[in-house]
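First the structure, then my questions, so here it is.
A, B, C and D are the chain letters, set down in written order, and residue numbers restart from 1 in every chain.
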Amino acid sequence: MPAHLLPMPLANYVSLSAVMFFIGVAGVIVRRNPLIMLMSIELMFNAANLLFVAYARAWLNNAGHIFAFLVITVAAAEAAIALAIVVVAFRSSDRVDVDDVRTLHG
Amino acid sequence: MSAIFWVPAIVLVASAVWTVTASKPVYSVVALLLNFVALAVLFLTLSAEFLAMIQLIVYSGAILVLFLFVIALLSSGVAPLSLGPNRLPRIVAPAAICVAVALGLVLAGVATSHGIPAPPRAAYANAGSAGMPGVFGSVGDFGKALFTTYLLPFEVTALILMVAVIGTIVLAGDETPYVASRRRAEQNRKAMREAIAREGD
Amino acid sequence: MIPLLIILLPLVVGVLLYLLPREDVAVSKIAGAVVAAATVGLAIGGRTEEWTWHWFAHPFVANFHFGATFLSHWLVVLLTLCTFGAVVSTKVARTRSMIASLLFLEGTMAGLFLTRDLLVFALFWDAMLLPVFFVLLSWGPHPSIAWRYFLYNFAGGLVLLLAVAAFGALVGTTDVIGNPAYHGLTSGWAPWILAGLAFAFLVKTPVWPFHTWMPATYEGTPSPMVAVVSGVQSKAGLYGFIAISLALFPQYFAREAPVFAVLGVVSLLYGAFIALVQSDIKLVVAYSSLSHLGLVLLAIASLNHLAIEGAVVYIVAHGLFSALLFIVLGYVEEREETRSLGKLGGLGWKNPRLTGAFCVAALAALGLPGLAGFAGELVILIGVYESGYVWAAILALVAIVTASAYFLRLLQGATQGPEVADLPVRPDLTWIEGLALAPLLFALFYFGVYPHALLASGWLHP
Amino acid sequence: MILVALLLPLAGAALCWAFGPRLRGAAGWLATAAVGLSFIAILVAGSGREALFTWMPGFDFGLSLDRLSLLWSVVITGVGCLIHLYSIGYMHGDRGFARFFAYMNFFIFAMLLLVLSDNWVGLLIGWGLVGLASYFLIGYWFDRPSAVAAARKAFVMNVVGDVGMMFAIFLLVANLHTIRMSDAFASAASLSPALLYAICFGLFVGAAAKSAQVPLHTWLPDAMEGPTPVSALIHAATMVTAGVYLVARCAPLWDQSASAQMLVGTIGALTAISAAILGAAQWDIKRILAYSTMSQIGYMIMGVGVGAYAGGIAHFFTHAFFKAQLFLASGIIIHALGNEQDVRLMGGLRKRMPLAFWGILTGVLAISGIPGFSGFFSKDQIVAGALAHGHPYMYAVGIVTAGITAYYMFRLFFITFLGEYRGNVDPASVGITRETTNAAPHEPGDDAHHAPAWIMGLPVALLIIPTVLAGWLLFGSDASPSPWSRFFAPQFAGPATAAVPIPDWLTTAITFAVVLIGIGVAALRYATSAARADAVARLRSESLNMPKVLTHQYYMDALINFVFVRGARLLGAVFGRIVDPFVIDGAVRESATSAQSLGTAVRALQSGLLRAYAFVIAIGAGCFLVYYLVTGLPHR
């Protein structure tokens, strides 16, 4: 297999990434459990990573890898902070529902 | 040969759907784990072995475990869909439609476009078979790029992680410095009030 | 190094004043006066000095580049003279803070005039609002006046900053004021940048219809501060027009010049007629300022070499006599305990020296031949006429007649007529008060008899 | 030397102003000496030109003393010196003695600057400073509201004139690119007729304001609020004739423009006759003299306007003497009578004040044009000149005005000096309603009478000489030109005059006949023994029957007040009270409120629901997506 050839056409990877991304979007909008919303966000991150890696392979440029790596790192940080917020927000409530938190209301 | 793409791809989509639709967060975590593994496989097929490892270690090993901890901590993630009336009923349908339309648009765009850019002519110098040191996607290759060309972003990432750690402590710590100082101040005031009251007698 | 010194010395001393005990009025006053006098010397002596510190080079070059150009040299001299007068004449509660504010104002405005960099110009533009804002907050009759001053001018400052940023992005450097290497900007954005600059300048000057913050501000600010604000800060906009709009966007400014000419003429007449019916002495001078600065804008918009030379003379002259007028009005108010023309009168018998100073200031303001205002006025009008704005020149003549009417009304109302009997006779001008006025009076006479001194030293851009 | 002559009075003014309180009485002598030395310096200099300095780029200042400016300078400093001397007596003991002399000296300086400048800007500066000096001196007693108002009026009117001159100067400088007068005159022919007319018009606005010509004349009668020496110096002898000087100086411009000459001549004639008619209706001695001044300046303006320059300036020359004489002599009367200025309360003063009697008599004879006295010669030249230059209407007006002048001047003379002294009758019985008098509460204090009498008497006595004799300089014929016309021949090389249909001697005879009629009428009404015996009743009925249009000066004041003063104030009130707070600020407030309501509307979007925010973000991202799909990805 020549190094610059992909196992599949690039369009497949793009489509796969898009599907995964929009599943994540739908999850964020529809679900009310903050934990599942966060996991949906992780899905979106991963969709983006998939694109990075696929294009890096297609163009044989490892900048994509670097950025995927950075995304993973930032995702880790984000998850940590977000989970901390969730813990603080819902520590004393008996149910976990983002719609209960409305302090951002203008 | 195409199975090496299609099998992980199907697992990927299916597990993503499961993640979003699972009735309990714990199921979502399991589904997400599956998703990550499938993605790691895809990374491998794209000769990004280092990233595949990272994907498994960081995501599956660290982040998902964190999720599990939080679920356990809150212990209220057991009844997610039986939480009473949805406060955004009107959002769900349009959102679904919008998402579907957008997805359709993207897919249509991908399908009809001949414009997915072709690989640039200046191909990678040391392209070879996967796994070999110094080849595209290898740990050495990746590390060299990370610590030379992309050193600054890497350092900034370190800073971000640092901030995240501190932020987490401040936010979720039981006895945050802010709370502690406030409590001490309150105690002092109280003591002073009592002292004044005593002197009044 | 001298330009930097002119900027930093007042700022540093201003901060140091706060280390003094609050009651130590005399020391702070002497320190302020010494600093102001020192900056006068520096400003006159440091004409050719420049000082540069490279700030950043990306996304465009911006430098802390200070050094006087032709016009800014005179503006800084004017600024330091007015500050000296203001500091020496200060007689308010909390003298220390007032003098510190005056020094802050001097430092920031010296920065504004001396900088050669547009970005630094924009920063100082906002910085110079703060001392006045805080003075208005603490001494003014009502905080709303302070906010009004600040919001109007800060809105101008923000637009200015945007325009400067756009300029920097397009040209690649903002170190362009008085820079012969810069050869104009040709871009579709240029008119928008020009409009942004013009908005800030028009508000600051002020020019009709952006002037409504001005009367209340001038009325509410204590005399020493308003002397500097009216005498020098109002020139920031005109300086911008000459040194930035006109010098950096010659062809675009020329295209829009008729708009500015019309605004100038409207201000000229509008201010004159309103000044005619004001009964508060400070408001008379405030509206006269609107009128006079309209004339300068008209001169700039006429794009005529002669008119712009006249504008330079008139800018300096206006700074001198309006600072003088406001300081004198402060003295009058202090003695007569009112600013109403209906209650003032007969000062001429009681305080002849004060009346003399008042007289010179008012006569200079109404354009008496032989004092500094006249030279600028005449040359401006010749230039305006030459450039083809005949109607504007004729309307300006109407405003000159009106000016003589309202300034005489002011002068006579305050100093002449029957004496107001129910007040004890207050002492005439003390020597300290006279010291505050003397440099301004001298300059008014000197530049009136020999205005060529202002122009003999060269010219910024043709 | 010219510069010295110019600066001496300025130095005197500065000294008097700065050290006034310490100088006390010496201020008057100092000021007089400054003017006297200046007079000598002028005579020593004789003629010449001195470059001074560059005022602005391209604006070079200089002084020039030619025959025209020599004449004016000599009169200014000569008569000025006498009036300064007189003032020492008149102002003795006044509160602002030194200040008065500072102003007077400053006036002399400004006037000299006006006539000595060789360029337009210097002329304009002098023009403005003269107005300022006049303002100071009219408003000298500044605690008197009427004086303050009169001073302001004079100044603003003069600024109108300045502005007219400025306009002319724009035209000149913008078209000829020089401020030197001689250069402008040399190239005057290159200007188009319309431009030339505009220039002359602008200059004449200045001249008319300064010389109190219709319709810019209303300040002059009010200017009599100033002390009497001021009236003599400024509002009779020197400043008000600056307009004549200007027209004579710009003769090369006027010579090129017949329509401008027509304008100036007409205005001059109109002023001459209308002021003379008003002069016949006044009771205040200084106002009578003020209107006669206006009228006489009308003559001069008419003379220089029609091109009879030598005649016009000759009348200036003689008028300076006899009018100063009249004012100073009337000042003696006013001073002696404790500031009474109303002639109805005078009468029978011949015995009491012989010097004033003789002074006013010679002045009246001169101004009326009795042959042999100075006014006769110069007036005759103007009237004849009007005809010679082809203006029969002005000729007629000149003759009629001469008659009216004789009437009202002799009326003044008869009422004041003949009959019984009426100072102790009830003012109402002679028809005085208090608003028409302005008895000054504030003329010099009681100790004024301590000043030696000769100080005030000497100038009056000295002035009698030129009042009688100065006119003989003009005596001459076609065969042997008068010294005057020989002296000014190189100054005015005007076009040759047409043949005159009426010989000169006939003009003289007609004029003299009309003058005699005027004197006769005055004598019949005021000098017959019946009139003298019945003076109180006659004056009363005349006061009460005086036409309203005359007592209100043709309503000019009211008209100007209504149209310009009220108009400007109304405009100011509309701008200041309506436009500013409601229209402009209203727009600003409106934008503030609309921003607020926009904020309220946007607030609803901030539901606080996290998922709603996410949805909005998603829609935004979707918009970008659609945009890129439609337009294609940006290509590098």
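Simple rule for what comes next: a residue touches a chain if its C-beta (ideal position, glycine included) is under 8 Å from a C-beta of that chain, and two chains touch if they have at least 3 such contacts.
As the structure is a prediction and not an experimental result, all values here were calculated from the model.
Looking at A-D and C-D side by side, the one with more C-beta contacts is C-D. Centre-to-centre, using mean CA coordinates, chain A is 92 Å away from chain D. The distance from the centre of chain B to the centre of chain C, each centre being the mean of the chain's C-alpha atoms, comes to 59 Å. With centres set at the average Cα position, the gap from chain C to chain D is 36 Å. Residues of chain B found to touch two or more other chains are 87-88, 91, 95, 99, 102, 106.
Multi-chain contact residues of chain A (touching two or more other chains): 25, 29-30, 32, 99.
Two chains count as a pair here when they touch; such pairs are A-B, A-D, B-D, C-D. In the complex of the two chains, the chain B residues touching chain A come out as 1-2, 4-5, 9, 12-13, 16-17, 19-20, 22, 25, 28-29, 32, 35-36, 39, 42-43, 45-48, 50-51, 54-55, 58-59, 62-63, 66-67, 70-71, 73-74, 76-77, 79-80, 83, 86-88, 91-92, 95-96, 99-100, 102-103, 106-107, 110-111, 113, 116-117, 119-120, 123-124, 127-129, 135-137, 141-142, 145-146, 149-150, 153-154, 157, 160-161, 163-165, 167-168, 171-172. Contact residues on chain C toward chain D in their complex (touch as defined above): 208-209, 211-212, 215, 270, 273-278, 287, 306, 309-310, 313, 346, 348-349, 356, 363, 366, 368-370, 374-375, 378-379, 381-382, 385-386, 393-394, 397-398, 400-402, 404-405, 408-409, 412, 415-419, 450-452, 455. The touching residues of chain D, when paired with chain B in their complex, are 609, 611-612, 615, 618-619, 622, 625-626, 629, 632-633. Here chain B touches chain D in the complex through residues 87-88, 91, 95, 98-99, 102, 105-106, 109, 115, going by the rule given at the top. Residues 603-611, 613-615, 618 of chain D are the ones that touch chain A when the two sit in their complex.
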